[in-house]
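For clarity, chains are labelled A, B, C, D and E in written order, and residue numbers in each chain start from 1.
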């Protein structure tokens, strides 16, 4: 008897664990807690299928257990045979047809959900860009590269793959940011997902499923958040050594906050006044400008980064973002002060913080990730002072909500 | 070791040797020493060698799995560096799939197909040896990358481009991946052709296709899948290799190439591959469940046809691995639908097994426990597979641990457990003694508890958003607990595996004091049980004439007037004695081994220095010709020539054709 | 596939392979078709219009079929050989057409 | 009962008593050809997918020399004829004649491969190397694989010629010739496919 | 214990390995590279090192195989046969390989002056002669039985000779015809290829149609055709390829390498 009873628990374990999963509260990537329309559609579909699957599983395992209990013998003896049934066509046809019918039903729901997932609606909203009101069909170009995400906002143009051309050489955008995508809540945001090097995958579980970023191509995708909030994501296509540290967030805002965000991002970087920051800016021009762009500092000479992907995060509004380095580090401490420690560690030796392939490379091999530039502690400190001036500090709530561990 | 002490029918006399003073160039003769394993063309020995090698690589792949699990036991661990982790999980996947499950299935196929269809050997015995040695050389080759290639491949087992290009994976790991899989693939194609011809051509009189055991059927379907799927990955691997070694432009997006090409080619192969993994196990439990239910298999022809249907449908679903790759909504919908319906033939099988047990007299031997466990665990994995088949749902699931859970349930729960059951079932037939049943059951429970502990929580992890192929994770995502549980589970499986080895070892020692199991210890149903255990080298004294499905059972039992089963013959009466000494057997040969040495040389040559290719190429070409010039049947072997059915095709340059062509592809 | 292959096969078995002359004739037919194919390349000779690709494909299939049936003796040999080859060929055609469709090759 | 019934009506030696009535070798060769379909199918599809991906450089379709390739195609086609004549001669026991045809087949194959070397060289000289663009890589890989197949076929034919000269190729061995012939014809039909689909059907 | 075969191959292996190491150091190998197959340090010139080392290893392996299987050891044979000794034999016939070797050497000398290709041909001839000669010499003394010796030689050499002969025959054909084609004009190439095929087909048909026709005539025809092709090939190769026009870059530019997947 004992063995049969024990056999019940694998199945139970799974059911139980699914329940537990549903209750987990700290799971920021949980797919079972949809916060947007697409994710909810998916979740509904899955719920239904899970029930079907659960029933099938209980039936199959139940029958096994039942027979293990009923028909068990400990040894055979020569003339004790059960009825020798060789089959039963009607029965077998039945259990060909019934699963087929179940699957057909599932198929219908799947196709409905699939269509919903691939439709986009026309939902232009009014935003103010450079002081003039513009009708904007929310659309963000999402570009993956080893190992961070860039977001590009074009407010005026009709953003199409043709207009964008080569992902490695995209036309200048109104706003370029990285790590955190800002969106207006309650709106459907269309995405064009692409990559500058290998395949990545863009995934915000609470808002929608994922979509691969394929070099050379723009894949359409979308997402929407019901309410303002912060939603975490993780690159899910294996993309090299720091794949696990390629994360991202979506920050959904009220329309007003979003407008405010646009305004900040459209303002060029202010020239620093603080002495350390001035030195930092000089150090930036000397050390960092070959890769990073700061609007108002090196935008006249900048032609792309000397990295394999030809890109590095745009630092113009660095201080307005609350995470950096592919969404794994906090820009600000819990108390709202600049996270100098992590920033210093990053600039001192990025590979020590996040594995990359940027140091000790042969001639003509472009780095993947940010190299160790061998800067003195003093320069590092100056650079941080300068970085702090780049953009306004976000609100305390945002800092708290976007905090990563 | 147990294996090497196999008694053999052929004994060489010194006088014969003296007749042919050709020194080392003398054709090897059968014998008992270790050298005779190197030149053996006996399908049983080759099967055993496949099995031993596969178990070895199971330990390697399992050790890699344990490293993975150790690294992931707690958040933010630095036990393995990210780079090493990536190499380890890639090699884990490759090792388990290509160096463990496939060869273990090949072990069963080699050992059992000829016996189940009543043949003396496979159609091309030397080619069979070739397949094994070349496979082994490929296996060693691909693992030699740890030492010679600057680390293992680090691109994942499906090695998507462009991440697999030299720019993004500059060590030689991926080169070893490409060349190693080419060598292994060549070996598997050759072996599949051989086994298909064996089944089609070498059956005993009366053994019509629809009297063949279900296992033979499933293995036949598997061989067809191999034969047709492997050429596709061969193409993909060549393109990858050319890109990496000769700078061609197949996967460089900057040059206008499309990374999806690799994905399509890989998965056109890859999906049939997963059925290659599962179908042998389906076949095995289709032998075990009837035996221990004391009933014939329920719905034989439905079982066979659903196996064939799975084989065919498996070709139309590959893009379900690419639902988020950007193949366009129409393709996604089409492949989503086709995938769902593959549940139907698979379901037929599950339900037919249940129906076989229904009303039966079920004896829970270890083999039976494993088989029933397979049915249950595979169902769990199959059902999660169905949830992936819904393309919208899969956009949430793909590349998460939910997928990892799915495929370990089907592969480990479905494939490996079934193969383990097969090991317990046929152990006495192969080695002449039983595996201890009591320890076997402990082994079973360790495995099943371990696997549910390991892979069950992965469902939760995946749905909670844990990506696969991440070398570490942060605390605070809710991943901590279940990862720890999974790690504990993995070590439990590890314990189970060790316990199995212990059981094998001790059972062998104990066997000396136990009665021999006899030809038919389980009261089983198919032809292999009518020959002594272990199987004599010549298999059958007299090739049996087959009159029904489950022939061996019908030689033991009949029906009385009330349609009640009665015994009509004891095993001793019905079984063969295994003492025929005038059976002609194919002669051993060294050339397969030599060719297998040449192949990796060519491989290293492609990677390091083309001149090595020349040496390897000469070795391979020379051995192929030497093989062809060597008569199939050694005229000096001095044995009675009776009803010889075996033909090696050796003296046919045609086989050079087949061999040489593969070779051309390999260089 | 059944075990009656041997029996049923034997009926088509006994008709003899073509004679050398027949082989030469077949080769001539093949040659003529090839010439026609080649002439499509010189558009000035004859404008095929939309019929070009279909006709080329038809001619190709005819040649393919002739060689396989006659030179490779599928016509005389046991059907199982045709079956095996057709499985591979059919599988290849089906799978790769679907793959190219997925690339919107004909879009 | 299968093995007892009809066997070897047309097979030329009666050693094989197989269930299908077909020798193992021949069955294996046909199966092998079946798998080769998937190999060439993959290469052909790769080329089709990439044929316009020139990245601005020369495409194969820009520089095809159709007249020359037509001659090559004829040559290969005729070699199929001589191949089948060799078999038919050997079937009748005409060893010498069969040897002549085998040698002719091999030499025609040699002309084909020579033509391919010529073609490749001209293409490279005209600026389309193996690494120029995806289209060129795919073109050389496809036709190169075919060329390697032809070359191996030639090698097998030459081995038959050697065997024949040594007096080892007799009517009993006709099946060997038949099987190598199958391979040869297969390589020919692959070319029939390539010639039409890759060379003749114009790009866009 | 150590058979003649073993001694021969073992000596050969040692010689080759030593040569490889010396060669490696003399062409820029450093540290222990040439000694440890480049594990640590460089091995110098790759081509030469690998060739020598590879051949050395192969010879070594053969040597091991030979001693393992008590190869061709007359004493061992005698032991098996149960007799005291087996009479030694002398080679059956004089070898013609020295002549080939001499010819090869002469060709090399000519090649040094004329063209490197000729030199290579000479080198290959010498290599062939060397290998064949050694094997013959070895086989002739291998056992006490001339028939066995012949069989022995064939077992070693036939698997290499047959494919090599076939490959050379086909290779000459391919090389020669492609040189001629490259030398001709584009249209000329078409015509030549067609003609060549017709000639081959013609001779084949003639031979097949009239196998009884004077052997000499056919052989003569074949010889003439063959020599013509080879000679043509050499002349064409020396004369060089025709002028080729490098193709301009495709105007309609980059293939659509960016598009959505809709």
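Throughout what follows, a contact is a pair of C-beta atoms (placed from the backbone, for glycine too) under 8 Å apart; a residue touches a chain by one contact, two chains touch by 3 or more.
It should be emphasised that the depicted structure is a prediction, and the values quoted were computed from it without experimental measurement.
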| item | value |
| --- | --- |
| Touching chain B and also chain C, the following chains | D |
| Touching chain B and also chain D, the following chains | C, E |
| Leader among chain pairs (count of C-beta contacts) | A-B |
| Per Cα centroids, the chain farthest from chain A | E |
| Distance from chain D to chain C - Cα centre to Cα centre, in angstrom | 15 |
| Length of the line joining the C-alpha centres of chain C and chain E, rounded to whole Å | 39 |
| Distance between chain centroids, defined by C-alpha means - chain D, chain E (Å) | 25 |
| Distance between the centres, which are taken as Cα means, of chain D and chain A, whole angstrom | 51 |
| Touching two or more other chains - residues of chain C | 3, 80, 87-88, 91, 95, 99, 103-104 |
| Per-residue overlap in chain B, given as positions that touch at least 2 other chains | 200, 208, 227-228, 232, 253-258, 260, 326-329, 625 |
| Residue list for chain D, restricted to those that touch at least two other chains | 1-2, 19-20, 22, 27, 31, 34-36, 38, 42, 49, 53-55, 67, 74, 78, 85, 89, 133, 151, 155, 159 |
| Parts of chain D lying in touch with chain E, wherever the complex brings them together | 52-59, 62-63, 65, 67-68, 71-72, 74-75, 78, 82, 85, 89, 94, 96-97, 100-101, 103-104, 106-111, 113-115, 117-118, 121-122, 125-128, 133, 135, 151, 154-155, 157-159, 161-162 |
| Residues of chain C that touch chain D when the two form their complex | 3, 5-7, 9-10, 13-14, 17, 19-20, 23-24, 26-27, 30-31, 34, 37-38, 40-41, 52-53, 56-57, 59-60, 63-64, 67-68, 70-73, 76-78, 80-81, 84-85, 87-89, 91-93, 95-96, 99-100, 103, 105 |
| Contact footprint of chain B on chain E as seen in their complex | 3, 5, 46-47, 50-51, 54-55, 58, 65-66, 68-73, 77, 80-82, 86, 142-145, 148, 151-152, 155-156, 158-160, 162-163, 254-257, 261-262 |
| Chain C to chain B touching residues, read off their complex | 1-3, 80, 87-88, 91, 94-95, 98-99, 101-104 |
| Residue numbers on chain D that touch chain B, as the complex places them | 1-4, 15-20, 22-25, 27-29, 31-32, 34-36, 38-39, 42-43, 46, 49-50, 53-55, 130-134, 136-138, 140-141, 145, 148-149, 151-153, 155-156, 159-160, 163, 175-176, 179-180, 183 |
